[in-house]
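Shared chain: chain A. Partners: chain B in the first complex, chain C in the second.
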Partner chain A sequence: MTEAAIETLTQEPERPRRKILPWKLSEGFVAALPIIILLFIGFIGPMALVLIYSFMPRGSFSIPESPSLENYVDIVEQDFYISFGWSLFLAFISVVILLIACYPLAVALRRVKGRRAHLLTLLIVAPLFVAENIRLQGWVLFFDKGGFLDGALKVVTGLETGSLVNNVPAIVFGICYIYLPFMLFPILLGLGNVPREAREAAYDLGGSRWRVFRDIELPLAMPGILIGSLLCFVISLGAFNEAKFLGKGVIVTVAQDIESAFTFGQNWPRGSALSVLMIVLAGSAVWLAMRRVNLDRMLGKR
Partner chain B sequence: MGTIDRLLTRRLLAAYIAVILVIMYVPMVIVGLASISKSRFFLFPMRRTSSKWYEMTWDSLQVHESFLTSLTIAVCVALISVILAFFGALAYARYDWRGRKLFQQVLLIPIFFPQAVLGLALQLWFNSIGIQMSWQSTVFAQLVWIVPIVTLVIAIQAYGYDSAVEEAAYDLGASRWQIFRTITLPLLGPGIFAGFLFAVLLSWGNFPLAYFTSGADVTVPEWLYGKMIGGYTPMVPAVGLITVVLGGIILAVGLTINGMLQRRD
Partner chain C sequence: MNSGNIFRSFSSSRRQFLKQSAALAAAVGVAPAALSAAAGRANAATGAAYADELWEKTKADLAGMSDIRMDLNLHSWEGYTEEPVLDPFSRQTGSNVNPQMLISDPAAVNNLRGGGTSTWDVINLNNSWQRNQLFPEGLITPLDKDKFAPLYDMNVAGFEWPYHWALDQSGEHLLGMLQRYGPAGLAVSTDAVDPQTIESGGYMEMIEGAKGQYGILDYENWVIMHTCMASGFIPFREHTADEMAKFEENIFKLFENAKKVSDDQAALARDMITGEIIGTYPGSVYTVSAARLEGETQLVNVVPAEGPEETKTAERPNGQGGIVWIEITSLVNNPNPTPLAEAFLIYCHTPEAAYKVAAKAPGTLNPVVQMGAPEVLSQFSQDELEAVHWGEEGSWLASLVDRCVDFDINPDYDAMHDLYTQAKRARGA
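And now, the complex of A and B:
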């Protein structure tokens, strides 16, 4: 027998997986292709257009003009940083409140077992399917002068609350209410990564409650907490319904500025430039978070 | 930790869940109350109740049309997104391919992108390429946001199944189509159904994307918005409550079917 023949005989058989499914390599791309096309036409294209428009002269309604930076200059000169400041402030404070509210809630939900856990989770998700403006209108009727809270309090105690809407705390409350599920679920997923045994072992070794929380629970649940915080930060950065209904104009958020530039203002380039700045802010936050998190492990854990 | 301590913690946590649940549903209850109040402006405690706002809603042609528009959009969005997302989920969770990590990350961006900005960008886009906006363009706009979500929902199901079953079937001489029909599809069935349900409900409740991309067509959330801004009438809570109840019915029916699907396995 020649050496070559021996080599072929002793060679490990090709991995059966690949032999059976020879189309495996490119299959993923083919399966993803429809969505990739959708995102190109429906997301990347529009975003590119917004980017181009942001460099067009004020008030232009077509693209081929000589590029300029005047929209960005306008934004700085015409005090648009105030709405950016408000949006950033609202987003930041809402994330902090949601973290404090959702962490214990997630811990509590994790302790519930079986069908009941499913039901509770469902009850918390279900309001997401009701249009935001209906739910916010409900809160307005709850907090307004002569509304549910005011009226009920008057009947029971004789005191009045007056109108509790049209101020910043009401807007923060609205944002926290609307986005609560977006903070809760990532934290729930994150807490799923904390093995029971690790916690129990730590207790057995004499760890205090605080130390177990700080050294075991928190680091292991971190990816979920991080995702939840960033998601809530990003979406509340774009909030405008809350400020419109519960704030009734006490403050103006970036999203409202963008909307009015596109609609009443009829100044597409300015709206575009504002959008670009917001996207850069939001996008860099998401990008940073996603790089540090393994999505396969979070969703597919068994 | 002492037993009493532990019991107390458990009680506190349970109470906390209850409080949050109540808060989640307060607006719906208030909307329901406002819709049966007789006076034009909601004042609590209510003096008298009346069903006249529901009668007016029932007689309103605008409301009828907006319900039809919303429903058409929701069904179209759900059907298309389930098909796209089914393959997308396989690419997301099952296949090993070069662009997978990038695909997984990019897919998340539209979900968490501020919807008002996405809606306005799409409006600009449609205007620029000369597309007349109508409910069809809203279907497209909502797909950009909903397809990624449905993909995630189905992907979660796809992570849970063992690809060895498919390979075994292949060994036994099954064709690709047979494998797809008898193994892949049934195994992912519950996920596909859940995705469909999500898509219907999300589209049904969506406001910002529809607002900026629907042209002259008006969905229910848009109709509500117009009335809230342009002059409150108790038809607003009446229509609001009807959408809440309809959404609840869709959800309940969907979950029952889903439960039956799961049990069959």
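And now, the complex of A and C:
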């Protein structure tokens, strides 16, 4: 091989020259500009408005008023801690139940192949195409006194269940039912990160079922588990219809308080202050979780 | 639904209740003429004929107009937002109607205050908003009195021209047209409780006597108003510290003792039918009328026989224990108005449309004041009249309305709403 040839081979290939825009913006930024504008108008703008409204005095229906902390003071002084407590509890307990229910289901789904897998996925996804409140009303008619369960049991056995709604477990059931796909599919994706060979190797090396689960499956599937848990926690915090339809007033969630403030209460500033606190709560949960894990590393980007 | 219930409607307890309701109405000073509200006014028939004539003329005028906006934007309670009412109007005028249903009166008023006058052409709210808020703030425009006043001839007794809530405070301007109305108090199932017990015991009979057995129909402003009545004062004035303390005590008691809280009147009616609850607080004709039409005539609206001291007069020694709402439809002060708005108000007075407004809303039936006109009344079936508590020549409904004060604005609403939300949250504490 001649020196010239060697030089040619060792020479770094000339990189395509990056086209620099006259105003020094990267092409990536320019490409993302439409979505940035959309996010600003559709997300950050309203969020900023809510934040500003939260400092407006009661009775304000426009922004230019003297800012005040009275809404936050009212929230602390009144018994809003009850609805915050219930929302947090419902979100936490629902995530725990969904994790317990969805993990084995996801493992089973991973092992089903072919058309049966498609059919099962379709069965899980299908309810998402029906409005949430219609599905919840269906459960009310199923569980309520004189409903399907009560009526059928009475006809068959002579026993009656009475009303099984109007309680906290019914609300938890509703939340778990509605948000199940939001936990299941991320876990399914997470389990996709667990190579069958790794599990087999662990078994070959004498690992017990529990150790393989703890040391191999769980860490590898953790990104999916974490994403599913965060997603379900945040959306469960805003649970409204479940408490309304299945709880029938047994408790009040923060989302219901917000709705009441914006509608019958005609207290937009208080509704905004409650919304800001909810956003802070949800944001804190995400921040705390993300602080403890490195999602990039888990997803194999680094 | 229990088909057997049709027979229950003729049960002795119900007959007795009806008889005694009429007797009580007479005792509190409702004159026989007032009880026969269905008879309406002598020239009621003239009113209906005038409505038809005016509608025909209006359609002809519209057809001759050019460069008018052919979209009508309607902000109203259910009843005006449904196809049976809107489709014939759209078809006959060639217009496009965009309805948006209200969620509450205050929310709609604030929509207008927040710039909704540029959007809406017609607004339909409970009485008092127009006279006390919307007109003084320039949010609605008056109607042509000469054109619209004769339509009041269709109305049942008590809603004749000149009608207080339809006029501005000077009495000069006509601010809107009346249509649906209804007494509000409590609703009970006569299968579960003797309505006379509730009627004579009033609101506290349900709150304390039926502890753990009733549901709250959670229309927040109405819960607040009825809790004022339960506390012995009307909601529509400023309240003393003692009255606010009494309100606080009773609103907490109300929520603590309730079995269910729901803003779904159909679900609560179902709960009354299955025996899950004995009644609802509050309750009105419209909250039970759909179930009654299905044959569940054991569900009835009850208005407490005795009202707060301040409602007692020589004419009504027992006072008024309920609250009657009357919907008034007005023209929004839209900077780009359309003649379709006025045309819609006229259309709603034609007997066919008035009947549909009353009977074709989703999940509810309501009486309309135009039932004073035979042309309107004759369109109702016997079952529909039974559903709206019409009674013998309108006497049942008239006796309920007579025991009610008129809906108005509560100046202490903000403070009471705070107490209401605290009491509601305390259920879960």
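Throughout what follows, the second predicted complex is superposed on the first by the 261 of 302 C-alpha atoms of A that agree within 3 Å, B and C clash if a C-alpha of one lies under 4 Å from a C-alpha of the other, contacts with A are read in each partner's own complex, and residues count from 1 in each chain.
The definition used in the following text is that contacts are C-beta pairs under 8 Å (C-beta built on N, C-alpha and C of every residue); 3 or more make two chains touch, one makes a residue touch a chain.
Only a predicted model underlies this, so the values are computations on that prediction, with no experimental measurement involved.
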item: Which superposed partner A:G146 touches (first chain B, second chain C, both, neither); value: both
item: First, second, both or neither for A:L122, with chain B first and chain C second; value: first
item: First, second, both or neither for A:R58, with chain B first and chain C second; value: second
item: Which of chain B and chain C A:S83 touches, first, second, both or neither; value: second
item: Partner, of chain C and chain B, that touches more residues belonging to chain A; value: B
item: Touching partner for A:M183 - first (chain B), second (chain C), both, neither; value: neither
item: Chain B versus chain C as contact partner of A:V95, first or second or both or neither; value: neither
item: First, second, both or neither for A:N166, with chain B first and chain C second; value: second
item: Partner chain(s) touched by A:R111 [first = chain B, second = chain C, both, neither]; value: first
item: Touching both chain C and chain B, counted on chain A across the two superposed complexes; value: 146
item: Touching residues (chain side chain B, partner chain A) in the complex; value: 1, 10, 13-14, 16-17, 20-21, 23-31, 33-34, 41-45, 83-85, 87-88, 90-100, 103-110, 112-118, 120-125, 128, 140-141, 143-144, 147-148, 151-152, 155-156, 159-160, 167, 170-171, 201-202, 204-208, 220-221, 224-225, 228, 236-237, 240, 243-244, 247-248, 251, 255
item: Chain A residues touching chain C - in the complex, by the definition given at the top; value: 58-59, 61-62, 74, 78-80, 82-83, 86, 140, 144-146, 163, 166, 244, 248-252, 257, 260, 263-267
item: Residues of chain A that touch chain B when the two form their complex; value: 16-17, 20-21, 24-36, 38-39, 42-43, 45-47, 49-50, 53, 63, 101, 104-105, 107-109, 111-112, 120, 122-124, 126-139, 141-142, 146-148, 150-152, 155, 177, 180, 203, 209, 231, 234-235, 237-241, 245, 255, 258-259, 262, 268, 271-272, 275, 278-279, 282-283, 286, 290, 295-296, 299-300, 302
item: In the complex with chain A, residue positions of chain C that touch it; value: 103-104, 106-107, 110, 113-114, 215-216, 218-221, 258-263, 267, 270-271, 273-276, 414, 417-418, 421-422, 424-429
